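Shown next, in C-alpha cells, is the structure this report addresses.
A, B and C are the chain letters, set down in written order, and residue numbers restart from 1 in every chain.
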C-alpha cells in the first residue's frame, strides 16, 4: 500500500507543482498575487475539451488550449493588472481585480458550457490501459501527465536560465527600474511572463481534466488555496521552491489519508505549512530565488 | 415613516447582514491600518459564533453574557496567534493566517459539540437590528476615539516604517499584537451577533470564501479608512439584490463591477467623496 | 412568454385526447393569478444542483400554459430566483417572497443548510414552504408550514443497505463520504449505523471534501482493508470520480450509494466503471407513471440531457402546487390549509402525500446501473 500511496502523492504533487510554478513566476516578477490563476486553469481545460470535441487529436488540443490559457493570461494582465501597475497601486488592489477577472471568466464559462460536467470522448483514467508494476498500479495517462508536468517545469527552468527572454524576466524581477534603464521592454517582458505563467497554469488544468476525465466549472477550487500555500511555502517567487512545495503538499495530503486521517487532511496540510512559515518566515527558498533560477 | 417601515418589513434580514458585514470589514481594516495583511477574520468570527451559540443553546447562558464571553475568547485567540506569526510580513503573514483559518474550520467540522458539517440549527435569532447597529456604533466610536490617541500615531508609524518606529521607541510587537487582538475582538463580536441573528451556522460559513469576501469589502470600500470598510461592506451586501433584475447576467456584472472599481477608483468607493485621503500600500 | 404557440396548442389537444387528466380544467381558481416563489442555486458552488431545478420549473411553466399540468385554469407561474449558493441571498429572497403580498408558496432552496437558515422566517410568518432537495434531518421540524417532497436520506439509506445485504450477503464494508456537507455527512453517519445494525463489519471509513478531484489515496487505503462492499456518501460529481478511480485501481468491491448518485452522469460520465452500482433513491427516471414518461421525454428534448432527481423533485413540487391551485388554493393561507388536507397527488415521483411530520409519504426505489441507464435492482 505504501508504494501505491507514494505514487499517488507523486502524481498529485506533479500537477500541484505545475500549477504553482506559473503562480509563483508572476509573483516573482511583479510582486502580486494573481487570484485568477485558478480561473485560467479551468478555462484552459474547457478550451481543450472544445478543441478535442472539434476533432483535434489530444496532443494538438492540449497545445492549442495551453496557448489559449497563455493568451487569456495576457488579457488578464492588460485588463486587471496593467492599469494598476501604471499607478503603482500596491499589492491589495491586484488581489481584488484578479478576483473580479476570475468571476467574469467563471460566468462566461458557465454561459457557454452550462453547469454539467464535460468529459473527453477519448477517455481518461477509465479507458487508459493500467500498468501493474509490483505493488503499484498506474495508467499510461498518469505517466504521460507526470512526464509532461516534469518536462514543462524543466523547460521553464531552462527558459529562465539560458534564454534572452529568461534573462529579461529575471532582470525585471530583480529591479524593474534598472531593467528598463538597461533597455528591457518592460511591458513586453511582463506580457511574456504572463503568457508563460498562464500557459503552464492552463496546462495543469488540462492535465487535471484529462487525468480524471472531468472538466467542471469549479475544478479550480480545490487547487486555488493549496496553490497559494505551495508558492508561499516554497518562498514567494522561487520556481524551485514551488516545485518542491507542490510535491511536499501532495505528499503530506496523501500521507494524512494513508494514515487514516482523511478528515483532518486539510488541517494537517495547513498546519505543516503554518509551522514551516513560523520556522522560516520567508518560506523554504527565500524570496528572491528567481534571480538565481 | 411608513415607507421606511415597509422597506424594513421587506429587507430587515439584509439590514442586519449589512451591520454584521460592516463589523467584519472594520475588523480587517484595523489590521490593515497597522500594515498587517492578517487574514484570520473569518476564523475569529467562527470561533465566537460557535462559542456564543454553544453557550446559549447547550449551556443556556443569556444572550449578552454569551456574546461577551465569545468576544473575549476570540480576542484571546487573536492575541495568542500574534505570537507565532510575529516574524511574518506581507503575503507570508496572509497565508499563515489563512492556514490558521482553515485549521479552525476543519476542527469545527470534526468536533461533536459544534455539530460538525450538519451545523447547529434552531438558534434563537434573538439579536435584532437595534442590537447589531448598537454594536456597530459602539465599535465605530471606539475606533474613532482610538484614532485620536498617541497609540494611533504608533500604529501609523509601524505601518509606514517598522524600523523608524523602533528607532523612536515604539514597541512594534505590542502594536502588532494589539491590532490583531482588536481585530479579533471586532470579528468576534460580528460572529457572536451572526450566531444570534442567523438560525443556523455551519463551519463553511467561516471558511476561506468568507475571508475573501471580507477582504473584497475592505479594498472595494477603500483601505485608507474605517469608513471605506463600512462603505465597501454595505455596497457589496446590497449589490446582489440591487442587480437581481439582471438575472443570467448578474454574476458577470458582479465581476465587472469589482474590476471597474479597482481600476477606476484607486482609493476605493469611499475615496470618491473623500478625496485627498492618505494612500496606504499594504 | 405569454403567447401560446400553435404547436403548444396542438400538444395540448393531443394531451387531452390521450390523457384526460392532463387537460386544463376549469376549477374554482380559474382565471386567477397565482405566483410561486422558487429559490434555487443556479450559480455558485451548488449551481450543478440548482440548474436542473430551474430547468424543471421552466418546463413546468410551459406545461401549465399548455395544460399538460392542470392548474384548474388558473394563471400559475413559477418565479425562479438565483441565490448564487449564498446563504444570505437565500434568506433575503425568502423574506422578499414572504412579504411581497402576492406569493402563495415558496419552493426550495437547494441545500439543507440554506433551508435551515431561511425556513425559520417562513415558520414565524406561518408561510407555506416546500423543500424539493433539502433532505437533512430536522428540516420539516422547523415549523408547521414547512413541507418537503424530497425523501430524506434517513428514509432511503436503511432500505438500500437492507436490500443490498439481502442480495449480496457481504460481511465487511468500507464507507467513503464527504464530511463538509450536511447531505453527504448524513449519508456517512447513516451508512455506519445501518451497516452495523445489519451485522456488517465496517473496516474503514474515509472522508473527502466537496469539489475534491483525487480520491486515489483514500481508495488505496480502503483497498488495503479488502472490504466486500464500499458505501458511497456523495453527490454525483464526486461519486463519478470515486467510481472511475476505484476502477483504475482495480478495486473489485461492489459499491452503492443514496440519492446523491441518482443522476444520468453516473453512467454518462463514469461509463463502464459504474456498471452494477446500486443507488437508493426517491425517483426512477424509467418509472412508468404517465406524467413521468412524458416529463423525462420532454425534459431531455428541451435541455439535451435527461433530468436528474433534483429536476424530478422540483417538477413534482410544481405538480403538487398546481393540484392545490386547481382545487382552489390561491393564497398563502389557502395553500397552508390545502397542504394539510392532501391525500394523494399523482406526480413524476409516483403518487405522493405528506405524513404528520410534513415529510413526503413515498417509498424509496432501489436502482442498479446497467449499460446506459438505471434499472430496478432485484
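Assume a residue touches a chain if its C-beta (ideal position, glycine included) is under 8 Å from a C-beta of that chain, and two chains touch if they have at least 3 such contacts.
Remember, predicted model here, so these are calculated numbers, not experimental data.
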Chains contacting each of chain A and chain C, listed by label: B
A-B compared against B-C, more contacting pairs: A-B
Centroid distance [mean C-alpha coordinates] between chain C and chain B, Å: 36
Distance between chain centroids, defined by C-alpha means - chain A, chain B (Å): 30
Touching two or more other chains - residue numbers and ranges from chain A: 107, 110, 263, 266
Where chain C touches two or more other chains at once, by residue number: 43, 179
Where chain B touches two or more other chains at once, by residue number: 109-110, 251
In the complex, chain A residues that touch chain C: 1, 4-5, 8-9, 11-12, 107, 110, 114-117, 119, 124-126, 128, 130, 132, 137, 139, 208, 212-214, 216-219, 221-222, 253-254, 257-258, 260, 262-263, 265-266
Footprint of chain C on chain B - complex, ascending: 9-14, 17, 109-110, 116-119, 121-122, 125, 198-200, 202-205, 237, 240-241, 244, 247, 250-251
Complex contacts: residues of chain C adjacent to chain A: 43, 45, 47-48, 51, 179, 204, 206-209, 211-214, 216-218, 220-221, 223-224, 237, 240-241, 244-245, 247-250, 265, 269-273, 305
Chain B partner contacts - residues on chain A that touch it in the complex: 27, 33, 79-80, 83-84, 87, 89-93, 95-97, 99-104, 106-108, 110-111, 225, 228-229, 232, 236, 263-264, 266-267, 270-271, 273-274, 277-278, 281-283
For the chain B and chain A complex, residues of the former touching the latter: 32, 37, 84-85, 87-92, 95-96, 98-100, 102-103, 105-107, 109-110, 208, 212, 215-216, 219-220, 223, 248, 251-252, 254-260, 262-263, 266, 280-282
